[in-house]
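Each of the two complexes below includes subunit A, the first together with subunit B, the second together with subunit C.
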Partner chain A sequence: MDEKSIRDELRMWILDRAGAEADRLSGDDQPILDEGLLSSLDIVEFILFIESVREEEVDIEAIEPEVFDCIDTLIEAFFADAPSASEPQG
Partner chain B sequence: MTSDHRKSAASEDRRELRSLRTGFLLSHDQSPNAVAVEVAGESLSYADLYQRAAAIAVTLEQQDARGANANPDERPALTAVFGQRSTAVVTGILGILFRGDGYVPLNPTFPTDRTRSMLERSGCRAIVVDENAEKQIVEVVTGIETPLLIIFPERTDVSELKAALPNHQVLGTHDLESAKEWTPADVDPNGIAYLLFTSGSTGIPKGVMVAHRNVNAFLDAMAERYAVTPNDRLSQTFELTFDLSVFDLFLAWECGARVCIPTQAQKMLPAKYIQDSGITIWFSVPSTAVMMSKLRMLKPGAYPSLRWSLFCGEALPSEIVERFVEAAPNSTAENLYGPTELTIACTLYRWDTKRSPGECELGLVPIGDPYPGMEVLVVDEDLQPVAEGETGELLMTGLQLTPGYWRDAERTDAAYTVPPGEDRLFYRTGDRVRRCQGKSPMVYLGRLDNQIKIQGYRVELGEVESAMRDIAAAEVAIAVGWPVTAAGADSIVVFISNADADLGEIQKLGKTRLPSYMAPRQVRHVDSFPLNSNGKVDRKALLALLSGY
Partner chain C sequence: MTSALELAPRLTKASRQKSWDAHTAFDWPASLEPDSDWYMSPELISIYGTEAFDALSETEQKRLSFYEIVNFFSFVLYGERPLISGLMNRMYRKNTDGPITEYLHHFVDEENKHMIMFGEFCNRYAGKIYPEKKLVFPREYAVGEEDVAFFCKVLIVEELGDFYNLKMMSDRTIAPLVAKINKVHHVDEARHLAFGRKILQELAEQHCASWTEEETTRFQAWLVNYLVSSWGDFYNPAVYKDAGISDGYKLRKMALANETCVAFRTEASSKLVDYFLETELLNERPQF
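Coming up: the complex of A and B.
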């Protein structure tokens, strides 16, 4: 899955969980915890969702709380190797 | 008179007039430079916190004297605090207590209408607000005609807020009064220390009044049991609208220790927070431990700094405490039980790796024995005591029995009762327990009504149903906890029978009316509700429907 698709998947999951319209998440740098879109009540399912997209486990001990700031930080922490949309996928 | 003698004399005075703030004041006198609170990378000493809180207290007093509140004599001795996980709310709570008021916690993650309702029903004329709640405060007070005193203790420029709140008096950091010559006024130990709104089955949250004497009885029992020292670091995982937060803040301050408050982001990764902050006393709902287990955070030996692992707020699955104890090998684990009406927690059970597995029932850890000063009755439907080893409703009384619900005599009378053959009031918990027999401890077996716990939060399904009936314009809406867990439920599913209803839209609107833990995760349609032999909606049949999806 390319990075753009992953961003779309993350955005859809967060909005669906928050029961929010798309305009609540206008940019990938928008805070998702501070805006109340995600809370600690959602963390287990959110991590499991990330793992299903990555197709591998997250190393919980290696991540910092700041990775949950916004979609940009999630991409950087969990999907840094994802190809951009323009790159050919093998 | 030496400095020590003065401190000692002051301490004696404070003991005589003991209230919820007294432990903090004594610890401040003893070790003003010790760290009292740590949040978002900022540490405040007892002296820092005292100065900031005293400035709020003096300001509240002075504003009363100046007539900011139209009728000071009619003003209830309550002030609201609106925010979460900030130094501003911590200083706000202490400032309110210093002033002699009880505090009313309000939560910025709750829907605005719910917060406004709580604020109005409390009768508060003043509110302390942190930066997390700034966005909401304008909407919350819109429509409230009584002028309020709104304090932003950590906001230096309040010009925009003043413009947005023209009917109210808005004060920022620079508007706070000097506290140099200030000393705390007396507080009635029978007065309200905090007023906490909980879910109500009729659709309206109930305000539980907790008196200073109630919470001090609780803190006395806890301080002695856990032998908390100034070297301890207590975790603060709970929101202020959850009464378990009182344990963390005030037990730490009672004993001169440090309370560590994780940010929202840090709360997502409790394992890292325990390790980085050197937490020694962990206190959370069992759901947090379940989450840690699911996310592989309970590795053996992971938390050597912990000396106490405490759980409260919902049923504790035995397999979870077993894993937690392995992860925190230097700690002793205890299961605390208690409703808000009995002041935070009122029974406890110490986990013993060898003995306890045999004492668990339904895979749940027993709730154990009552605290000092608390008494238990286990009764049948006629409020007559059941025999040892039999099941019945748990009733309790004692030092931690609270005065009742705020301005709600009807619901107070229903819940606080004098059982036959007794001459004292007992609180009816609505919890079904097995009475202890011999050395067998008391065991929690479930609820007698439609109250459930969602990750430790108390939820009256009737309140959810009331909101959803209104939103869906439905005659009947039935809420169930789903998926069911050993500790309660993970979320709520609502069933309605309106064939033409937009279920997705109804679910979204639910989020605007109810706190996130109460808002239904799904709204489903049924052609007709299954009924049981009494003609009532059969909730078990609805759960079976969900199992089949």
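Coming up: the complex of A and C.
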């Protein structure tokens, strides 16, 4: 999955979980937790979703809570290797 | 009615009489055979009663029951870790000094032994403890809410765990070692539950009436959310993967939505929910 698709997937999951309209998360630098879109209790479910997308487990002891700030920080922490949409897929 | 202060010395006495040693209580077999015995009682397996479970061969079901018991012991162990630290933080306070703190020492001691017991089983036979995927972000509390929430969490992990312990401790179809671990846990938990129910009831009576409507609504929403999401621990994609089942995440989502599984969770939670309604910590039954 390319990076753009992952960003879309993450945004859709968060909005769906929060039962929120799209404008609550229009930018990838918009805060997720401060906006009250997700709480501590949603994070477990969110991590399992992230693991299913990247097909690899998340090492919780190796991450800081700040990675859940916004979609940009999530991409950086969990999907740094995802190809950008313009790169040829092989 | 007995207060927590009156109950504590009786529990302390019982803990001393029933004391056991985590390092000598079990004869640990050199290895276990995941494919040829039942470990988690079949009807307690997370996907029991679903088409996905029926589609497995008996050998595959047994293998799944092994990883399910490792998962159960793993998340109970990880539930006991913050429980111990929370209990320790509450010792020797003005409102716990004396017999309550004396009992808290036993409570902590027993939870510490449970962690040794569960950790030994998981590491010895599965070579790992399933890691928990929880992060706790700081939040604001009303007066007394942090204590109330703490003992709610304690009661949830202990009541749900005990539902499983009770079923497995007398199940002759499962590996005797697993039945024994469940039994040993249950005997200690019976005291922890008696204490937990009492102290939480007293804390609720002391604090909840002073909360604003908004604080009460926020607390109840949190409690429902916490209780419902605690069940998520039972449906671990990593367990399904280890048991050789593909797309564990999809299986988890299926089971969380499956009618038979929902009915099971509702039934297994009923004692806990009744208690929360009686103590007015909740005002309606949650949907599982």
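Basically, the second predicted complex is superposed on the first by the 90 of 90 C-alpha atoms of A that agree within 3 Å, B and C clash if a C-alpha of one lies under 4 Å from a C-alpha of the other, contacts with A are read in each partner's own complex, and residues count from 1 in each chain.
Everything that follows uses one rule, which is that a contact is a pair of C-beta atoms (placed from the backbone, for glycine too) under 8 Å apart; a residue touches a chain by one contact, two chains touch by 3 or more.
Keep in mind that this is a model prediction, so the values were computed, not measured.
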Would you check which partner chain A:M1 touches, where first means subunit B only, second means subunit C only, and both and neither mean what they say? neither
Contacts for A:F49 in the overlay, against subunit B (first) and subunit C (second): which applies, first, second, both or neither? second
Touched partner set for A:A77, first subunit B, second subunit C, both or neither: neither
In the superposed arrangement, does A:A18 touch subunit B (first), subunit C (second), both or neither? first
Quick check for you: in the superposed arrangement, does A:S40 touch first (subunit B), second (subunit C), both or neither? both
Starting from the residues of subunit A touching subunit B, keep only those that also touch subunit C in the other complex, and list them. 33, 39-41, 43-44, 47-48, 57, 60-61, 65, 68
So in the complex, the part of subunit A that touches subunit B is made up of which residues? 18-21, 33-34, 36, 39-41, 43-44, 47-48, 57, 60-61, 63-66, 68-69
Please name which positions on subunit C make contact with subunit A in the complex. 131-137, 139, 222, 225-226, 229, 232, 237-238, 249-250, 252
Listed in rising order, subunit A residues that touch subunit C in their complex are 33, 39-41, 43-45, 47-49, 51-52, 57-61, 65, 68
Can you list the residues on subunit B that touch subunit A in the complex? 109, 132, 263-269, 271-273, 288, 291, 294-297, 455, 507-508, 510-511, 516-517, 519
